[in-house]
Structure formats: structure tokens, C-alpha cells
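Shared between the two complexes below is chain A, which has chain B as its partner in the first and chain C in the second.
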Partner chain A sequence: MEILSVQNLNKHYPKLDLKNVSFNLEQGYIMGFIGRNGAGKTTTIKSIMRLVHPDSGMVTVLGKDFAAEEFSCKQQIGLVLGQVSYYPTKKISVIADVTRRFYPEWDTNAFVSYLKRFDLDPDKTVKELSDGMRVKFALALALSHNARLLILDEPTSGLDPVSRDDLLELFQELIENSERSILFSTQITSDLEKCADFITYIKKGEIIASTSKDDLVNSYKIVKGTRVQLTETLLPRLIGCKKNDFGFTALMRTDDLPTVDGLEVAPADLESIMIHIEKE
Partner chain B sequence: MKALLFKEIKLAMHPTTYLFMVIGAMLMIPSYPYYVAFVYTCLGIFFIFLSARENKDIFFTASLPVRKSDVVKSRIITVAIVELLQLAIGIPFAIIGIRINPNAAGNMVGIEANMAFFGLVLIMYALFNAIFLPLFYKTAVNVGIPLVFAGIAVTMYVVAVELAVQMIPFFKTHLDTTAPAMAKYQFPILIAGMLIFALALWLTFRKSAANFEKVDL
Partner chain C sequence: MDIVISNTSGDPIYQQIFEQISAQIIKGQLPSDTCLPPIRTVAKELRISVITVKRAWEELEHAGLIYTMAGKGCFVSSLQPNVLNAKRNQLAGEKLAKDLEYYKTLGISLEEIIAMLKKNYDKG
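Let's turn to the complex of A and B:
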């Protein structure tokens, strides 16, 4: 079942235009949302949540029109914008006591057990938590009101590799029973290699790919060749061509491969795909 | 709405706001421009907005399942509660102040703390709210500019009514006194103050909510 569907979101800003942003997320999967800084990731997430007003477009959550049924849609969503930095001097227990009153489905037992699991002390204040712990606290809040869709804006940025890995494992565990889905934005491609099922890639406000991770990775190859091989006919098929003294390295669509001969071909990973595409 | 009000009190309320609420005790000072005591509350309200902004209250609230207009409504109700509570707390101090004032002529530097005065303070709050809140909700970020404009308006209002009471003979004899015989002239001003406060609050909410709706967070 489709848990989130975004259709043709448009939003005009002086420095950025979201153009026909569309993608779908099925229940039980993790979708990574990648793009450079300023590509429109946060704006897209805020438009989905109606924190900014899209000029046009439609968002549905579990089949419900978000604009028409904002309240019930928001009950299903756990939103974490960046690291939790609100009310840094308040205790976890106080923030939870405030939050629970907004959700009829709040489960206090679940919250207590998540705190225990994540090693969170309810008497600590937000500022006493490390960045990784803050994300976990936000997740504990979201999971305790039984959110089906977790939307996380750069939850792993600023975390050390161990905490990041820990968090990514947790993401996978959370979707195990196929009830929840996670949409998380990041610029760290290795996060996605580890845990994303689907990838939506945004560049300058436009979605240039929204597909399974394997399909995305398989649809490109890294090619290397000498200066002599870099002909006028080859050049238009290369993506983000980098030249050096010995030759060139570029990305190429797998479909275009049969048309060329004699190049060194290697599988592409997300990072190289992103670097070459952004170079265009 | 109950949950939002709970959030306001538990998280957004600034400690000094509570302190300013009991500053109505200044009504016991024998001779004093009593409006000053209530101007402090305007500052207390400013602190709520300032500390909420610094604590990223908007982003906390935005992640909750609430309508934007309810976010504004809960804050405005909080503001009104603070203002009305401060006035209510001021009443016993005003009564004590009149009893213990050593000057036979009463307050030497301004209007007496009587019913008319409380009505005029309510109008002062109405003015502050009507300027500060809609201006703030135009950006939901800037608190300084709204305070400057609201502060200027409140100052001009206080100077104008204080001058009117002191200079116009009828007002001086009928409003600047605690004589029980004059209460019947002062009571209508209190009622007018209440009505203006309530009406202005409703209009302030409408305008603020409309402004906030347009803001991209």
C-alpha cells in the first residue's frame, strides 16, 4: 500500500524553484532523499507537511488528501526536522508530557520502553544529549504515537560513523514488520548504500530519479579512457566528464554502453553517480 | 487547544513573566505613575515570544498535529491570561495602596489606581496586542520591530490619557480621585475598557492568524 504520494509539487522561491516534484513511497520501505545542499530537500519536506505553501501539487498519506485531512494525516507522521534543538533546557520527560497530549494513540508504555532501549534518561535535558541521542529521542516520540510514516530531515548529519551506523540499523529494524516507512534526506551517500530501498534524487528543485537503489546504481557505469578516445561523438554521452593528463573519467548510462568500444567500464556507486551528475 | 495551552505554560512561558505578573504590588507606592507597573507586562509578553523563538518553539509546534491558526490562538489566549491575571493581582494592592497612602491628596504624579485607571489599562493592553501580535506573526521571527512599534504606541497612549486626566478639569475632578461618589463616573470607563479589550483581542487574533497562515516556516 502506498503510504506517501507526492504529485507535482511546485513552489517558487527567488533562489529555488521546486518543479513538479513527484514520488511515491510504499509501506514497509526506506526511501533516501538525496541532493546537494540547497537542492530543495528541506523545502520539499516542508511542502509535504504544509509548513510552506506549495503553489500547486497534491500530497496523500495512506490515501488521504493531506490538504483536506491535515489533522489525521499528521497523526500518522513523525516529523524530525534536523537535529532536535528545540527547548534545549527542558527535560525529556517534560517535553514528552507536553507532546503526548496531542496524540490520542499515545502509548506511554511504549515510550518508556523506547527510552530504555535507546538509553535515554528522562531527567536529562535536551542540551545534555549528544546529536545521535537527540535523533533517538525524536524517534522515541514519533514511535510512541504510533507514527506510520517517519519523515526525517538529515537525521545523520553531524553524527560520528558509529552513531550513524547504529541509527541506520535502527531504521531497518523499524520497518521490519512492514507497517512503517521512512523517508529521510541526506547528503551522505554511504547511508543510503547501507539501508535505503528506494532513492529519490533531487537536483535544483527537480526530481531526476525516483527508483529502487539497485535500479539507480545499475543504470549507470563509470567509464575511463584515454585522451584519444575522447572524441566529439563520445562527449555528448558522457555525464560529468573529468579530464586529467592521462585521459578522462565519466559517468555513462548503461543503455549507452553498447555504442562505445574500448573504454574501461566499472560499476558506479551512489557517490560517483551524484558527483558526476552534479558536475553537469 | 487544551494540549496547546498546556504546552504554552509548560514550555513557552518565560519565568520573568510570572515575576512581572505580581508587579501590581507597585500600586502600593504612595505616588507613582501607575501605568508603569502594567507596561512591565508588555515586556513580559515580549519575553515569551523572544524565548519561544530562541527555543525554536515554532519547529516543535510545527511537528505536532495542530492547525496554524490554533498555534496563534493558544498564544493569544496565553497573552490575555497574563494580562488579565496581572490586573486581577493588582486590585488588592490598589486597595491597600489607597488605605496606606500618607498623602492626603493621593497620587501626586498621576492618576489614582481606581476603576477608571483599570479600564484605561485594559485599553492600553488592547493597543499593545493589536500592534505587537499581528506584526510578529507577519514573520514569526522578528520580535524587536513589533516591540518598538507597540512600545511607541503604548507610550503615546499613556502620555495622552495621563495628560488628558491632569489637564481637563472635568476628568481631573471625576477620574483622578478615589472618592466613592465619583465611582459612578469611573465604572463606565472600566466596562468600556473590558469591551474594547475583548473586541480588540478577537480582531487581533483574526489578523494574526491570517498573517501567520501566509508565512513559510
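Let's turn to the complex of A and C:
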């Protein structure tokens, strides 16, 4: 069953155009949302949540039209847009007490257990928290009203490697019973290599891939060779070819691999796929 | 059941899982009707995606090594010794064919390969 469906979202800004952004997320899976700075990740997330108003397009959450049933759709979603930075002089417990009132399904026990898990002291004020702690606080708020869909914009940025690893473990725990789904954007592609089931890749406001991570990664290979091997026939098939004094490195579609011997062919990862595609 | 995933191996993760579990089934370490852990638990434990584990399970089922009971999970198939042997030879054959391709690109003759095999087999 589809937990989130985004169809043909368009939003025009002077410096960015979201063009027919469409993708679906099934229940019980983690989707990574990748793209360069300014590619439209946050704008897409804000358009989904109607924090900005898309020019056209449709979003459904668990089959419900978001625009028509905004309140009930938002009850199903836990949203994190960066760290909590509002009300810096208020205590965690006070902010939670305010947030609670917006959610009929607020679960105080869950919130308390997340505070414990994240080592957050409810008597501390927001300005006393480190960046990483603020992200964790935002997550604790988002996770405590029985949301079925978590939409997280860069939740791992600002966290140290250990906290990031803990967080990814938590994500996998959350989807284990196959009821929840997570959509999260990140610049740290290695986080996605570990746990993402699907990847949606946005470039200059357009979705250029939305597929399973394994399929995406397997559909490309890194090809290396000497300058002599860089022939006229090979060149047009290379993606983001980087030449150096001794040879070249490029990305190729797996089904486009040359039969020529001698080229060094290695598996690609998300990072190398992104780098070569963006250099194209 | 043991699974150790290598990040440096060129083999896809689902393939590594498939090979390790099928070896354990063929060697009898996982007896017939053993219940495999749920896919989502394996994904969480190994810190890999659910889809990757699903793919490995599908390959195992396709190879006839496990069967699915709806709502209950996946179990190791009961295989007669001769069938197990055939599976073992089939898996070994597939791997060998792949390796042979590589040796051929290096221009190694059959006699040389056999000599190398003997030398290394005795070592191990």
C-alpha cells in the first residue's frame, strides 16, 4: 500500500523550478531523497506539506487527498525540518507540552522514552542544547504522535558519526513492523547505502530517478582506463568523464558497458553516481 | 545461521547472503524446516535494506532451497541427499564458470588451471 504519493508537483521560483515532481513511497520502507544543494529537496518537502503552495500537482497520504484533508493527513506525518531553533529560552518539557495539544494521538510515554534514548534533559532550554541535541529533540517531537510517515529534511546533518549510526538503527527499528515509512533527505549518501530501500534523486527541480537503491546502484558502473582507451566511440557513452594526466574515470550505464577488455570496471556507489551525473 | 557481509567484495550484498545461506543449507548446518528469521529483522540486524534481504530470499526460493508459508515465514526445504548433491554441484558449477571466464581473459590454459587447482587444493 502506498503511504505517500506525489504527482506532478510544480512550483515556480525565480531561481528554481520544480517540474512535474512525482514519486511514490510504499508502506514499510525507507526512501532517501538526494540531490545537490538547491536542487529542490526542501522545496519539494515543503510543497508536500503545503508549507509553500505548489502551482499544481497532487499529494496523497494513505490514499487521502492532502489538500482536501490537510488536518488528518498531517496527523499521520512526523515532520523534521532541521533542528528546533524556535523559543530558545523555553524548556524542552514546555515546548513538548505545547506541541502535544496539536496531536490527538500524542503519546507521552513514547516522548519520554525518546528523551531518554537521546539523552535529552526535559529541564534544559533549547539554547542550552548543542546542534546535534536540537536535531534529536526535533526527532523526539516528530516521533511521538504515532505518525505513519516520517518526513525528515537532513536529519543526520550536524550529528556525529555515532549519533548518526544510532539514528539509522532507530529508523530501521521504526519500519521493522512494516507499518511506518520514512522519507529523508541527506547529503551524506553513505547513510543511505546502509539503510535506504528506495532512492529518489532530484536534479535542478526534476526527478531523474526514483527506484530501489539496489537497482539504481547496479545500473551504473565506474569505468577507468588509460588515455589510449578513451576512444571516439567510447567517449559519448561516458557520463561525467574526468580526465587526468594518466587516464580517465567515468560513469557508465551497466547495460552500456563496452566489451573492450582492459578497462577497469568497478561497482558504483551513490556518491560516485551523484558526482558523475552532476558533472555531466 | 551466520551471515557476514563484506563491503569490499565486488559481489552484490544479496548475492553474498544467498551464497552463505545456501552453503549452510547444503552442508546441513541449517536442517530442513528450519524457520528463517523475518526479512525485516534480518535487514535491521545486518543494517541493510529490506529490499536486499527480500531479493536474497527470493533467490533462495527460486533455487528451491527454501519455501514460504503465507503468514508464517520462510523455511528450509527438505531435500533428498541426491538432490542436495545436485544443488551443490550446480552452485559450484555456476561459480566455476564465472571464475573460468576470468582465467580465460588472462589467457591461462586448461592444463595450467588444473595444475594450479591441484596445488592450491592441497594447500587448503
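FYI, the second predicted complex is superposed on the first by the 275 of 280 C-alpha atoms of A that agree within 3 Å, B and C clash if a C-alpha of one lies under 4 Å from a C-alpha of the other, contacts with A are read in each partner's own complex, and residues count from 1 in each chain.
The rule we apply is simple: contacts are C-beta pairs under 8 Å (C-beta built on N, C-alpha and C of every residue); 3 or more make two chains touch, one makes a residue touch a chain.
Quick caveat, the model's predicted, so the values are computed rather than measured.
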First, second, both or neither for A:A266, with chain B first and chain C second: second
Contacts of A:L168 with chain B and chain C, given as first, second, both or neither: second
Contacts of A:E278 with chain B and chain C, given as first, second, both or neither: neither
Partner chain in contact with A:Q75 - chain B first, chain C second, else both or neither: first
Which superposed partner A:Y29 touches (first chain B, second chain C, both, neither): second
Touching both chain B and chain C, residues of chain A: none
Chain A contact footprint on chain B (complex, rising order): 2-3, 6-7, 10-11, 55-57, 59-60, 62-67, 214, 216-217
Footprint of chain B on chain A - complex, ascending: 46, 49, 51-53, 70-71, 74-75, 79-81, 85-90, 94-95, 97-99, 101-103
Chain C to chain A touching residues, read off their complex: 10, 12-14, 40-41, 43-44, 47-52, 55, 105
Touch list for chain A against partner chain C, complex: 28-30, 168-169, 172-173, 175-178, 194-198, 212-214, 218, 261, 266-267
